[in-house]
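Chain nomenclature is as follows: A, B, C, D and E, assigned in order of appearance, with residue numbering initiated at 1 for each chain independently.
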Amino acid sequence: MRRVLSGLIAAVFVAAMVIGGGEAFASKGTIKIGSVYIFSGFAATYGQFAKQGLELAVDEINKSGGVLGKKLEVYFEDSHAKPPIALRAIRKLVYEKGVDFLIGLDSSGVAKGVVPYLKELKVPLLITHAATPDVTGSQCNKYTFRVSVNINQNVMAAARIAAKTKAVKWTTIGPDYAFGHQSWEYFQKYLSKLNPRAKFMKTVAFPKIATEDYSPYITAIMAAKPDGVFISLWSGDLVNFIKQANKMGFFNQGYTVLMSLGAATEVLYALRDQMPTGVWVGTRYWFLANNSPVNKHFVEAYKARYGVYPSYNAQNAYAAVYALKAAIEKAGTTDRMAVIKALEGLKVEVPAGDIYIRPGDHQAVLNVTWGSTAEDPKYPIRILKPMVIFKGEEVTPPVWETGCKLQ
Amino acid sequence: MEDKVILSIENLSKAFGKFYAIKKVSLQVSKGEITALIGPNGAGKTTFYNVVTGKYKPTSGRILFMGREITNLPAHKIARLGLGRSFQITNIFLENTVEENILAALVSYHRKGLSLFKGMNRYKDLLEEAHSILEMLGLKDKAQETAKNLAYGDKRLVEIGIAMAVHPKMIMLDEPTAGMTPEETERMVSMIQTLFQETGITFFLTEHDMKVVFSIAHRIFVLHQGSLLAQGTPEEIRNNPKVKEAYLGGSLDA
Amino acid sequence: MKGMAKIGVLVLTIAFLFLFPQFAGAFPVLFLTEIIIFSLFAMSFNLLFGYTGLLSFGHAAFFGLGGYAMALLAQHYHISMIPSLFISMVVAGASAAIIGFFCIRRDEIYFAMLTLGFGMMVFTLVHQWRSLTGGSDGITGFEVPVLDLMVKKFQLFSPWSFYYFALVVCLIFTLFLWMVIHSPFGLILRSMRENAERVSFIGIDIKFYRWIAFIIAGLVAGVAGGLFAMYDRMASPSMVHWTMSAKPVLMTILGGSRVFFGPVLGALIFYLLEHTITQYTQSWMIFLGAILIPIVIFFPEGVLGTLISWGKRFMKGAGHGG
Amino acid sequence: MLEVREIHTYYGDSHVLQGVSFEVNKGEVVCLLGRNGAGKTTTMRSVMGVVPPREGKITFLGEETTGLPPYRMVKKGMAYVPEDRRVFPDLTVEENLEVAYIAARREGRWNVEVILELFPMLNRLRNRKAGHLSGGEQQLMVIARALMANPAMLILDEPCEGLAPIIVEELEGVIMEIRQEVTILLAEQNAPFALRVSHRGYVIEKGRIKFHGTTKELMENQEIQSRYLAL
Amino acid sequence: METLLINILNGLCYGMLLFIISLGLTIIFGVMGVLNFAHGSFYMLGAYLGLWLALHLHSFWLALLVAPLLVGALGAISEIALLRPLYNRDVSFQLLLTFGVLLILDDAVKLIWGAGYHSIDAPKGLSGTVHLLGSTYPVYRLFIAIIGPVIAVVLWFFFHKTAWGKMIRAAAMDREMASAIGINVPLLFTAVFFFGTLLAGMAGVLAAPLRAVGPAMGDNIIIAAFIVVVVGGLGSFVGAFAGAIVLGLVEALGVQFVPHLQMALPYMLLALVLLVRPRGLFGSE
């Protein structure tokens, strides 16, 4: 009797699912974009920003006639910051929604998990946040592109700034996962080339993601008395850290402090005047770094619609849509293979400036902004003053160094 | 004389904190007899059971079963040696069927517990044995019922059945007739007597119904506030003034 | 009569599962693959929870270790599918033997907390041993092993071929669990769930039996994990995290822990709920919670268990009426 | 004062009380006799509301109280001494009494000081944790605790269980003393004791009342005694 | 050496925050036998409400007063509406139900306040630093480290010297008997749940100046709180205090001495304690 019932129920449910799931590959009059970001958990804010940037771009494009006369349509899925769930989301988008292109990915771990699978799906993906060098390096493939700044570029810029300071003894605080460790590895590699005198300390701090209490780490670093501290914490962890470090006098010790993602607006908004001044912060896009009309338009439109200055994740998603638009128009078709061809070597202007997608590894070459935090009564948050802009070519390692072999 | 003794208790004590539930009890149970342990509630009978069968570790003293020391053995090892028990509070597998209750004990006795792939229903010999036990208990018709749906008296019988199914050399019943109606009590008493005659197992029981005790026990121990107050044949106990006056409050003759 | 009906429905269900890909698209097939794998995972958990009375909160450890074993083999050794899956099972079983050795010494909430503790230690190991496991990134980018059936070799790239493979493996292990539960060993387990103390008084070493059950549950979870790693083409630390351990708990209680196929229905409900809700909103958790709560309140034996009880009561009522 | 009409009480599926009826008048001590498992405790628990009956009606002080939770019964003037004593083991004797006094909030003759005077033994033990008392001391304390509610009626479930004869004697004295002021419903297996302190008695068997009468009638009825009371 | 002392102080401070959270959890378990999975979410709600109220009432102290009350009220409502039907069911159902509450609260907070991070400064007077052991130390951290023991002492008095406290202890020991001496147990349970979630909310407000207030902050703390409560002994008041200090110190000193094992340390502590002392440090057998 039990199995009778369970069997019946199972059959009914599955049947319902099949019937309900039959809408795939419907209208051909639109260009479908599947988009996967983190919408839940500790980093949910990144999904929210990306979604806002993406929707802004899509609305603008659709209002002005679409791409090749077709409207853009976006489907969002939550990656939960977990690779298996992101993969399921992508499968759902491709197989069920029948999307033509993919845009997204926040977490490097997620990116590394799903990128190899694109070879099976044969759908191009434009990564807008995940910064691991591997997806345009050792793991690179025909379908994977990145329109945003990666770890190498960001850290190379950091190393150039670090090389100009007097600091010799360096240490780090970074999240205890691949991103934190890799950032530190690259920082050592680049800085030791630029400044052979630089020393890297044994005392380093890698607190786990979502650490509640940073005080022991702060104490440990302060006790080690470094000259410079390279910080790769990000999102809520960075906010947590800065609040606790502030109170413990960490920023009054005369260290040179570099935060590779300190200029993220969500962090600056969360901290407002609790963000210390005179700290070197990097970002993947800074809304004041570019005076071009494209950027001005974007910042104004975004501020008008969402009430805050755009974060890097919003710009990156916005830029990805415009890059895709440019590629489709260049190809003159929405055929995936043709668009991939068009993306390779594409030059397009986005709010962050001109970007160039290298055919060799599919990594975008674009300007990288760093700056020192300062107060400005015109803005509710800290801004960058002085600001240092590195040309894309200066901070992007050559293709042969990335380990990417695209056939 | 020595090999007639199946269970030998030497100076057994059990304390909970400062309170001694059992104080220096020594007694010997003879093979092939029905022995009863009596005493008022709180005299330490259940504690005595729990210590002897391995649920509690004794504070001091020794327990020998069939000449072998079992003082600190875990419960399952003691059971394996052939000392079975039933419980005062019905303590059976309520969500399983009656048949499964007995089968579990048979599986244990025949050491089939680690058989992982052969279906239970393919052990014809075990099923047959279970049926014969249920038949003996008069529960054959209820073999497929879920145990929790049985009447109280039947549950108590299942309790005895589980204890019997492990082929014990000696069985310790804790108040087998507790809470039973007179009819059920009679049924239980005759069941115990039949089982005793057919199997020759040594029976040890506690009981508050004096009529039952005096009608079936060959030998009686009286426990009072944790100590052994008296021992002897039913006749001796009945006439023991110490027992009569200090503890039974005269109701023996009623 | 009743037995015949049971077998009939079982045959129909299996037939349906085998025919499903013939008329379904890639996504439903992938979706069902995941449900099938998680059903097996949940059933392996339920051997401990529903049949032995032990609530494990670290079962993902074995799921994850099976997955990592599979991924490492695929990455470095390129041996074929069945031996790989077998090794995953053994690795998970061996770890279950070690971890179980400690955990079975406690029961109830303490058992749950111990399994949580050991499970998270495994998580830390996997997360920190970057040279072997790839740390937080996990192991990715390997190829699915070939299924070598002596007579013919199969590539399992397509969602359809992998579905069939997963289905057959899960059916085999479902049968395995079914046999275990209906064996004398299973009877002892169920008796222990009812009354562990009484079982020790019939001469059973309950710790030892719990240990064996723990190992079996670990073995099967390892198989499910191995399949899942192949399905996802990756092994990542999230497979080992306690949130993954919470999934079979949720599915089993949802479906009904006292019914063999309860966890299966639970997995199905869980995935369908999640799938349906995420169609409409990004805030799917709020709806999942809002649906979960009434299910918990109104289905005291889980959905399948309660439906069966209602069915029985209904039949009984009808019987009395007639 | 208390009227119980045809109550049926179940534990899960098992039908324990199968239509029990009796009454207790003001100022009386009524005992409920029967064997272990006959349904005495269930009757007590039904009256107190611990296990509400599924059918039947209970009236206390002229009001229907069927199905009221125990704490409401206390407020109405019923106090309960359960069979297994149930002290709050980590509270001291004084705290046990105090908690009961505060919880019930009923004015009357009894309060902590008065009670401790009545029970000199408890007075000596007032700062000892209740879990560390002997069985007899606990029994006295629990009766004292029940009195803290200043009840109109007291339910005593097997107060003699497991007590030494000397304590039983003391208990008898206590009951004789308080029965001047409180109506008592008493369940006992120790029939001689019960018959000594009660005015009337009921005999319960298999969840049904089999006999009732005055103490004298019960004492004289040999058949009842041997059939139901195992004397 | 000074680093060690500072780290001990860090550990105590974190431990005291954990203590306030765990206290609610352990009281709820001790009295009601419910393991409240949503406890961390009530903590999170406390932080959000505290932040929001502090912003609108312009007073951290007022927020510290009001926000926990609101959290407690929500706790009480969920106890009455959701938990009451489940008291006589298996514990696993309560776990599942409170898990459902967790899911709802986590998303609700995001719908109301957005997914971003928020931050609030410590109240005036506590926002500075003091010189201590050769380095500067934030006053607010010292304040947390002190408020923990203060709450412990106040609660000890509450439980041992007040009528309500004694009644709660009585009900924890024997629910049925408590009812039978006239304690309104359902009401008391609601009160206990109110109070337990109030403590969680209070911990949330207290934590707000220390950390980023953002989604999922409750999920991070709930496992730590479970560990504290189990290590200390389920339902034990003293145990929660001891467990919180031990876990706080283990985390802080682990960073200094065995940074690689940091992530596993709490779980190793948990397993070790349970294997050596089956019922936790202060649990009764």
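Definition applied: contacts are C-beta pairs under 8 Å (C-beta built on N, C-alpha and C of every residue); 3 or more make two chains touch, one makes a residue touch a chain.
In this text, all values refer to a predicted model and were calculated from it rather than measured experimentally.
Taking the definition of touch as given, a chain qualifies here only if it contacts subunit A and subunit B alike; those chains are C. The chains that touch subunit A as well as subunit C are E. With respect to subunit D, maximal separation of chain centres occurs for A (centres as means of Cα atoms). With each centre defined as the average position of its C-alpha atoms, the distance from subunit B to subunit C rounds to 42 Å. Subunit C and subunit D have Cα centroids lying 52 Å from one another.
Taking the mean of the C-alpha atoms as each chain's centre, subunit B and subunit E sit 49 Å apart. If each chain is reduced to the centroid of its CA atoms, subunit C and subunit E end up 33 Å from each other.
Multi-chain contact residues of subunit C, defined as those touching 2 or more other chains: 127-128, 284-285.
Within subunit E, contacts with two or more other chains are made by residues 106-107, 110, 263.
Screening every pair of chains for touch gives A-C, A-E, B-C, B-D, C-E, D-E. For subunit B in complex with subunit D, the touching residues are 17, 19, 40-43, 148-149, 152, 178-182, 208-211, 225, 246-247, 249-251, 254.
Residues 53-55, 74-77, 79-80, 84-85, 87, 91-96, 100-101, 103-105, 107-109, 112-121, 123, 126, 162, 165-166 of subunit B are the ones touching subunit C in the complex.
Of all residues in subunit D, those touching subunit E in their complex are 48, 50, 69-71, 74-75, 79-80, 82, 86, 88-91, 95-96, 98-100, 102-105, 145-146, 148-149. Chain contact summary for the complex, subunit A toward subunit E: residues 39-42, 44-45, 47-48, 176, 205-208, 210, 212-213, 215-217, 219-220, 222-223, 235-237, 239-240, 243-244, 247-249, 252, 266-267, 269-272, 274. Here subunit E touches subunit D in the complex through residues 163, 166-167, 169-170, 173-174, 176-186, going by the rule given at the top.
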